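Two complexes follow with subunit A in common, the first pairing it with subunit B and the second with subunit C.
Presenting the complex of A and B:
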C-alpha cells in the first residue's frame, strides 16, 4: 500500500492528486494497512464486549463461557460458509432456507440413536447438494448470486414447511450428548478451535488462494488459470453444507426440536457476523477468525442485555447499532484505501 | 440548466443511439411485457377453471392485496434501478403502522401520526442514502443494519409488545385499503394515482432520467453533471416514505398493528421488482413491471388458496417464478447483445 505514486497521480485526473495525497496523510488510518484495521476492529470489539459481559455478570465462570460458545456455534458454522462466499464477492441468502430445511429433517428423521448413522450424513449431503445447485445456477446462468440465493431461499424454506409444517419434532438423545456439555473444556470451544484450524489450513491450500483471487478480480483469476467456475460452485456447496451442520448443532444442543423458519434469522446474522469480522463485501479480503469474533460479539450483546436485567428486545437495538457502526467504519477505511491508491478500478 | 441538458441528451451521440434507440427500447421493455403477459395469462387460465375468480369481488380483493405491495414496491423499484437494495422496508412499515394506531387510539388524529411518521422516514432514508452514496458502504448491509436498529427501537418503544398495540387504526386507512366506491375499489384508485405519478416521474422528469443515468453508470452520470449523491439519497428517502405509506395502509388492511407486521415485505418487495423485469445490476426496470409483479403474486396466492395448498407451495412457487422471470430476462438481454451478464 504505497501512497500516491507518480502513476497514481496521473491516473487520478478527476479528483486532483494533491488533494488525494493530503487526504491520505490527514487520515487517522494512514499509518495502518487495511488488513490491520479489519483485523483489529473485531478483536478490539470482542475484548471490550467480553470485559463488559464479565463485569455485568459479576464473575467469570466456565459455564458462562460454555453458554456463550454454545449459543454461537450455529452462527459460527453458517458464518464460515458465508465468509467463503463473500470472499468470492458473492452472497448466500439461501443459508436460511437450507438451515430451516435441515432442522425440519433432523427433528423428524433423527429421533432415535439408530437413525443417526443414515440421516446425519444424508442431512449434510442435502445441504451440500442444495448449495451446489446455487453454485451451478450462478455459474451457468450468469444470474446474480443475490437473486439466485434469494429465489432458492424461498424454495428451500417452502420445502422446510412441507417437511415440518409447524415447530416440533424431537432429536436423538445420543446426538445431544455427543455435541453438548464439556469433557474437560466445553465441546463448543473445541468446535470453534477446529473451525479456526480448518480455516488456517484452507487458506494455505490452492483452493484457498483460488477463493481470494476470484474475489479480488475474476478476470485476473481467469488469466492465471484459476478454475473460477469450479471454485464458485464448491464455495456455495460448502456454504450449504455449513448451514446444515449449523442446523445439526442448533437442534441437538439448543432447541431439541425443529422449526420451518428457524434459519431465517441466520441469513442476516451471518452476513452481519462476516461484516463485523472485517471481511469486505467487495470480495478478496477478510478472515474467518474475524467472522467468529463477530458472531461471538453478536451473541455476547444478547448475554449482556440479559444479565443487565434489561428486556431482551434491547439486544436487537444494540446489535443494529453495532452492525451499522461496523459497516460505516469499514466503508470509511475502504474510502481511504481508494484515495491512497486511485489506480484501483472504481466500482462502475 | 446546462447540467441537465448534458445528462438528458445521450441520444444525440451515435454510440448512444443504439442503446437508447428503438431496438434497445424494445429489448428493455421485453421483460416488462413478459411480466404483464404472465400475469394476464395466469388470470385468464384460472378464470376459465374457476369462473368465480373473475368476479368483481375477487378482482377487488386481488387489487386490495397487491396495492400495498405495489406502494412499497415503488420505493424498492427506484432503489434497485439505482443499483441499490432496501432491506429496511419491514422496520419502516412497522413503525408507521404502530405509530398510526397509537395516535389513532388517543383521539384518532391521523395528522398527528403522520407528523411523527414522515420525519422518521426521512431520517431513515437519509441515513441509508448517505451511507450508500457518500460513504460508499454496501447497501445490503447498511439497510440490514438500519432495519435491525429501527425494529429494535420500535420493540423498545412498545416494550416488546407483540399484539398489545392491536388497536384498530384510523378509519381513513381502513377505507383507503379495503373500501370501495360503487364497483371500484378505493385501493385501486389510490394505486392508479400512485402509478401515474411514478411512471410519469420516472420517464418524463429530469429526476427520473437521473435515476436511470446513475443506475446505468454512476461514473458517467457524475461526469455528465448528475449529482449522484443527491439522486441516490432521494431514492432511499422516497423508498422510506413509500414503506411508511405502505405500513399505514397495511395497518388499515389488517385492522391491527404489531412491530413485525412488515416482515413479509422484505422478500416480496424485492420479488415484485425482479419479476417486473428490473435488473439487480441497476439501470433498467419500470414501475409498470412492478405493478404486474405485485398483481402476479396476489393472483398466485389466490390460486393456491383455491387449490387448498398451504404457504409451503407459495414459497416454492415464488422462488421458481423469480428463477424463470429473471433467467428469461437475462437470456433475452444476452441474445439482444446486452451488456449485462
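Presenting the complex of A and C:
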C-alpha cells in the first residue's frame, strides 16, 4: 500500500481543517488534551494546599514533610489499587476489610523480628488472594463490583475480628525501623517515588493498556483481543495486595498495634483520593500520580486544620467540600472538552 | 445453498457452512452458507436482521455460532475470539466502532498487539506514534494526530483510524462491516481504491453495505441474505439493481423508494430568521410549510446537525424562531417538545434510547403521563395497548415488546426512535441523518411514514448525507456550505448533481436558484 488517491487526501483534509479551525476558536483550553487538564488540577490543588500548610505553620521543616508523607503512605498504597480498579470502571469497597484483616494478622503474628520472613509474604499473599476472589466473583457471576466488594468487605472485616477481637497486639521492631524515619531523605518519600515509577512502567506495558481499554469500553476491548476477564481479576487481586501493603506500613510506622476496624476509613478515603486525582469514575482515564497528589491533599487538609487550631471535625468538613469541588471541576472540564471536540453526534 | 451453477465452484478458500445462531427467541442465522476466494471482493447484502452481520461476526470471531463449520483452505478452524481469527489472518472493521475512546489514536492502532517495544519490553510510545503516522501517510490519511484521544475525533475520522488499524495488520481476509456508512463519499472512494489494491494482491474482502451502488462499484461476487439464510449468490454480472432489491425483499419493492410525497400547503409552519450558533452555523434563515419535507444537505460538519439541535433547544443559538406564528425562546429540549417539536437523533444508541429498558417502556416513555391511573400510577394495560398500537403501525420486528430495545436490529431501533417522536404528537419533526446504516426495506417503510405524516400536515426538516434520497423525498433542499445555507434547490433544480455541486462549491452553475 503506497499510493494515496488525491481525492481521499483532500476529503479528509476538508473535514480535518474545519475541525481544528473551530477548535481553535472555541475554547481557551483548546491546546490541552483532557489528560493534561485532569492532570493539572490535582497538581495545582496540591501546590495551593502545600503553600497554605506552610504559611499556617509559619515555617517549613523537614519533619513536617516527613509527618505528612508518613501519614499518607497507607492511603497512597490503598489508593494505588483503587486507581487500577476504578480505571477498569469498577470499584473496590473491600479494601477496608482486607486492610483490617491484615493489621490484625500483622499485630498478632509479626511480633518478633523472626516472624517477618514467613508472615510478611503471607500477609501480602492473603491480600492478593482475597482480592483475586473479588475479581473471580465479579467476572464469573457478572455481579456489580459495588455489591461484590461490599459483601466481601463485610466477610473480611468479620475475619479480622476473629483474628483480633479488640485493638491490640504489637509489631516487630525490625519492621518499624526498616520502614520509618529517614536515611538521606524520608523513607516515605522514596516509597512514594517508587510507586510513581511502578505506575509509569505499568502504563507502558500491555497490561497497563489493557486496564485502560477495559475501562474505556469493555465491548471494544473484546473486539481488540484484550483479555478483559483476566485483566479484571488481576486488577482486583492487586487492589487486595496494595491494601495489605498499606496495612503493613500503617502498623509498622503509624500505630504499632492492630485494629480490626482500622481499614474502614480507607474505603472512602481511597475513592476520594482517586477522584480528586482526576481519575474518571467512568473508567478509562486517569493516573496514579493524581491519586498520590489527591491522597497528600487530603492529609494536608488535616494538618492545616490541626495547625490552625480548629476542631478536628472541620477537617472532615473541608475534605468533603474538596471532594465535591473536585468532582464539580472535572465535570466542567469534561463539558469544555466535549464542546471542543464535538463528535459526529454533536457536530455532523 | 445455490452455488451449483457457479463454474468455479471448487477451490473455495474460505467456507462458512450451515451456520446457525439464535439470540433467545430471535433467529439470526438459520442454516446459512458463505464461500469466498482470495483476490475477490464479495458483497453481502440484505435487510437489517437478515443475518449478514451475524455471519461476519462469526467469521471474525466476535460471535460463536450454535452450529456450523468454518473451513479455511479446506481445513476446519475455530475462531472463538477476535484474536484467534486475527491469527488466522481474518481482520474485521466492525460496524460498531471498536476504537477505545480514551486511548490515543496511536495506542488504539496497537492495542491488539504489534506495538513497537523498547529493549525492556515496554511500549515505545514515540515509535508507536511514528509508526502510526507512517501507516496514515502510506494510506493517504491526512490531519489525524496520533496523539489525540480516539473518542475526540469526529465519527468519520474514527472510522478511518479503524480501517487503517485493521489494514495495517495485512489480513488475508478483510471484513468491512458497514465500514462506509459514516464516511463521506470522497472517503468511500478512497477506501475502495485501497480495497481494490488489496484484492489485486490476493486478499479476500467481504463488503457489507446498504448502498447498492457500492456493491456494483466494487464487488466481484454478491450474496444476498434474507431471513437468516443465503437467499441468492453469484458473480456480479448475474445481478441487476432491481433483481438485487427483489432478492433482498423476497418481493417487489413497488417503487416506494421513489414515490413523491404529497404537495405541502401554503401555510408557513416554521420561520427561522438569522439564526447563529458561534462558529457552528451562522445567519441561517428558512421557512418550512405545513406538510412540507424540507431537506438539509451539504458536506459533513457544515452545521446541519447543530442547526437541528438548536431548533430542539439543545444547542444554544441566537436569532428568531417562529412556529405557527408564535415566537419561540428555545432553551431546552423540554421547551421544544412542549412547543410541538421532536428530534430523531443520528446516534440512537447514545442519544435516543434507554437500551436496557424494554421496547414498550421506550415507546411510552415520552407520554407516560397519558398512561396513568389516578394521575400517579402507571397503568400497565393502557401502556401495553398504546405501545402495541405504535409498534404495529411502525411494523417493529420484535419477539416481544418486553424484550430489551438493545436486542433489536439497527433499523428496528430507529423505528422505535421514530415511534417515540411521533407519540408525543409533534408538529415539526427534525430528522438527523436517520437513514444512515438503515436497509432498503426499513428505509422504504420510514419514507412511507414520512409521506403519510407530511400528508397529515406534519412538517419535517430532514438532514441526510444521501443526496439521492433527499431528491426523491423532499419538496425543497437547502444546501449548507461554509456553515450557512448556500442555496435552496427546488423543482427542476433539485437534482443530485446540483446538491453535490453546491455542497463542494456553495453554488449551482447555470441553473435556477430559488432563495426562500
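Heads up, the rule we're going with is that the second predicted complex is superposed on the first by the 302 of 348 C-alpha atoms of A that agree within 3 Å, B and C clash if a C-alpha of one lies under 4 Å from a C-alpha of the other, contacts with A are read in each partner's own complex, and residues count from 1 in each chain.
The rule we apply is simple: a residue touches a chain if its C-beta (ideal position, glycine included) is under 8 Å from a C-beta of that chain, and two chains touch if they have at least 3 such contacts.
For clarity, every value in this text was computed on a predicted model and none was experimentally measured.
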Note to self: In the overlaid three-chain picture, which partner chain does A:204 touch, first (subunit B) or second (subunit C), both, or neither?
What the structure shows: second
Notebook entry, point to check: Does subunit B (first) or subunit C (second) touch A:212, or do both, or does neither?
Noted result: second
Next item on the list: Please work out whether A:173 is in contact with subunit B alone, subunit C alone, both, or neither, and reply first, second, both or neither.
Entry: neither
Next item on the list: Would you check which partner chain A:265 touches, where first means subunit B only, second means subunit C only, and both and neither mean what they say?
Entry: neither
Check: First (subunit B), second (subunit C), both or neither: which does A:226 touch?
Finding: second
Next item on the list: Based on the superposed arrangement, let me know which partner A:162 touches: subunit B (first), subunit C (second), both, or neither?
Entry: first
Notebook entry, point to check: If you stack the two complexes on chain A, which partner ends up touching A:181: first (subunit B), second (subunit C), both, or neither?
Noted result: neither
Check: Taking the superposition as given, does A:154 touch the first partner, subunit B, the second, subunit C, both, or neither?
Finding: first
Notebook entry, point to check: Can you list the residues of subunit A that touch subunit B in one structure and subunit C in the other?
Noted result: 14, 346-348
Check: For the complex, which residues does subunit A have touching subunit B?
Finding: 14, 91, 137, 141-144, 146-148, 150-155, 157-162, 165, 260, 268, 271-272, 275, 281-282, 311-321, 323-324, 327-328, 330-332, 334-335, 346-348
Notebook entry, point to check: In the complex formed with subunit A, which residues of subunit C make contact?
Noted result: 62, 81-83, 86, 92, 94, 96-103, 107, 111-113, 115, 121-123, 125, 137-144, 147-149, 151-157, 160, 167, 182, 184, 186-187, 189-191, 193-194, 197-198, 278-280, 299-301, 304-306, 309, 315, 345-347, 350-351, 432-433, 463, 465
Checklist line | Complex interface listing, subunit B residues touching subunit A | finding: 85, 87, 131, 135-138, 140-142, 144-153, 155-156, 159-160, 217-219, 223, 267, 270-271, 274, 280-281, 310-320, 322-323, 326-327, 330, 334, 341
Checklist line | Residue numbers on subunit A that touch subunit C, as the complex places them | finding: 1-5, 7-22, 25-26, 33-35, 201, 204-206, 209, 212-213, 215-217, 219-226, 280, 283-285, 337, 341-348
